[in-house]
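One chain, subunit A, links the two complexes that follow: it is found with subunit B in the first and with subunit C in the second.
Our next item is the complex of A and B:
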């Protein structure tokens, strides 16, 4: 019959060949390969200071008959270090989840046990199928003054360890990042970008538990972010973008009153609208374009760059960004 | 009694409105704006409480000022009104019940705080407590104002007597400090809960509900 044997890294292991006497003649194999006699003490196999590579199947055969007398599977590993535990509510007020992992692998199977105590009550944390090291709890009461105490114990064949978290209901609230972030240029507005997003789908009740948002944006070429905090609404128009530069934009969410900010959303890229053709700034360039006047131009709204009053109706050519006014002045020249 | 408090509050609110003829409140004002103001007040109080609680717990000394101090609730502490509520029950509260719960809770918490105020040692603490009590009184009046503007009767009970009804003094110094600890904790949780209560009210109260029923009260 087959056994499994768990041993610590660095330990000295002695394997007996089943019920054979000490002075019996035996041969040991490791994963099918004969083991040199120098490792034997009589019929015992001695492995000193074992390491992970020595894990495997060890078999002992009677000397002359080659009968298999004993077989064991050696697993070399370590007892568990203190596990890392984290609890969070991304679906307040429905409940919260706790997830855990070991800081270093043990190389042998571990089992986890989690207990949640709320005041004097024991609560059941239901294990999730996926991901594995996670369980969730439903909140039965809201606005509790009593803390939750979560204890995670990890056990394997070589030892056990545990960690405890104690927290208030509202301290662990952290929504998922906003979803479906979209950034679009605004036609005829070279300094604007329209950003919109949605509440994270995991947040169950935005009506009673509204979220507020934090938007950050910067042109790719700069390191400094601009920030805007929005107390409600799921859209915002950036009005101070640098013309023609590609921007990177992210949004984060937080319950308006409690908890912490979500992680940043997936980044979106957008470039503000630019006119075609670009940047007519000198007299020489304006006289080159002859056919532009036939298409219908809508007079663009005033931007900060150009003062409308200076140009309309006069024969003088003004330095100006807005295409419509350029055409108006231009047409005046040719009529 | 209550009517004068409400009247004073409403007068103060009206005095702050820009250039309106007296009592000609359009429908968007009144309930909607009072709820927003009450919400803002709870947020302000919550902010104030953080500083006050930090100072007061340090005054009480360890273990009360330790961050993971997590004592069991003793039976006597139940007298302080708790914000804890069943989730479905909380969702299903009528506007009246929701407001009344807040009104009652803060009225009683105010009583307890005033008792505290009379007992603390340092001048700094007395000053902070006094300031906080004044703001809390403002909150109680604000909630009362919202209730009146929606036509709900104010819950019966004290808005200002100095002694909390029927609370025996703690038998020893440690238990007295425990009472203080729980009082501050419950206050903190109530302010969080109120923010959520008033969020819900903001969404539910229709703007068309006209508010000032001064004529019904015989003014």
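Our next item is the complex of A and C:
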């Protein structure tokens, strides 16, 4: 009958052919393929310095009859390294969850055991079906100064390891990012963008536990972000957008009183309203092809480089970004 | 309860709550700063666990969401009255220990004590609005605890400030609950009395 055998990477493995004598004539196979006699010591199979590729089914057959005498499944792996554990409350004040993973795979099955202690009290962390390496726990007390201590032990056939996390209730509060972020141009306003979003759906009670928000935005062609912190409300109007430039916008959330900021929301793109394009002058056309801007510009009919007020060739300095210098140069030529 | 339901009372309650929320928010920020200064000045380890000390009101609460408005007000009032006495004692001990040497910490403690007193009064106002009798304060408070060693005093001070910081957050949450418009009579949240 068959069984499983776990060995460490680099170990020397000796397999006996069941109850056969040492001097019996046997044939060993690995995954159905005969193993060369050089690996045998009598009827014992010797595998030195095993590696992962040597995992598989090993069978031993009696020499003449080819009766199967012994079979084992060899699994080569490693004992677990110290696991990585994190705990977080994205649904405060209902509870929190802890999730974990191993920094490097062991290649063999592992089992995890998690214990949560609040002061002297043991708490139960209920394992989630999905994802697997996660459990959740209900907060029975709020506003406690007593720390939580979470210990995760990982065990496999070759060894065990553990890690401990100690934290207080407030420190792990981190909401999910805001949802449904929408950015729209404002009609007749070339420098405005209206942004709105919703509280993350995982946050159970935004009325009693309001969130504050952090908005960041920049034109695609610049690296520098602009930031706005908003203590309430789920919308904001950007009023200093560069005309005609496509923007990237993100929002983050935080409980007003405790914890840390969420990750940034999914990024949305928007371009401020621009006027219906007039017939482009020659100078503007040249400017467009020689300016340093990227291909992120939209198709010419809906894109203008300069604000409505700028007039090419008048000698006035155009209030344009990047293209301004070139336009001004051309303007100077025509004075 | 008639007074609590009138529109003007509801407005006054909302007003008191929002001012109370701002007070508690500022108080918390100051307590957190004071905590940092206190830990440093007293040579303590910020991560030291301090066992619950007798007389220090714990902010920790179970079933917080099920509390009635009256419960919230009464528990807050009892807590801040206790903190008022504890901070006064800490100030006294400060002066004894360091005299003039640590005026900064003393001033910060006094400022927080002032805010705690103001907040206590605020809570009393809210209770008055609900036609609630304000529980009288005990004559001399609890019996004077045995004289603590200097180190024990410092640890207790740490415990006091930590719990006060938690209470300040809890109070903000409590006041937000209170500020919610009253649901149908008999329901738990807001100021409806539990049956």
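Criterion: the second predicted complex is superposed on the first by the 277 of 335 C-alpha atoms of A that agree within 3 Å, B and C clash if a C-alpha of one lies under 4 Å from a C-alpha of the other, contacts with A are read in each partner's own complex, and residues count from 1 in each chain.
By definition in this document, a contact is a pair of C-beta atoms (placed from the backbone, for glycine too) under 8 Å apart; a residue touches a chain by one contact, two chains touch by 3 or more.
No experiment lies behind these values; they were computed from the predicted model shown.
After alignment on the shared subunit A, the placement of subunit B and subunit C results in a clash. Of the two partner chains placed around the shared chain by superposition, neither subunit B nor subunit C is touched by A:50.
Legend: residue contacts after superposition of the two complexes on their common chain; A:157 is shown touching neither subunit B nor subunit C. Contacts of A:24 after superposition on the shared chain: neither subunit B nor subunit C is touched. Within the superposed three-chain model, A:149 lies in touch with subunit B and out of touch with subunit C [touch as defined at top]. Judged by the touch definition given at the top, the superposed model places A:209 against both subunit B and subunit C.
One of subunit B and subunit C touches more residues of subunit A, and that partner is B. Contacts of A:186 after superposition on the shared chain: neither subunit B nor subunit C is touched.
Shared contact residues of subunit A with subunit B and subunit C: 93, 140-147, 170, 207-210, 257-258.
Every residue of subunit A that touches subunit C in the complex is listed here, in rising order: 93, 140-147, 170, 207-210, 257-258. Of all the residues in subunit A, the ones that touch subunit B in their complex are 93, 119-120, 139-147, 149, 166, 170, 207-210, 256-258.
If you check the complex, the residues on subunit B that touch subunit A are 43, 46, 68, 70, 72-73, 82-87, 90-91, 182, 185-186, 189-190, 192-193, 195-196, 199-200, 203. Partner subunit A is touched in their complex by these residues of subunit C: 25, 28, 49, 58-62, 64-65, 162-163, 166-167, 169-170, 172-173, 176-177, 180.
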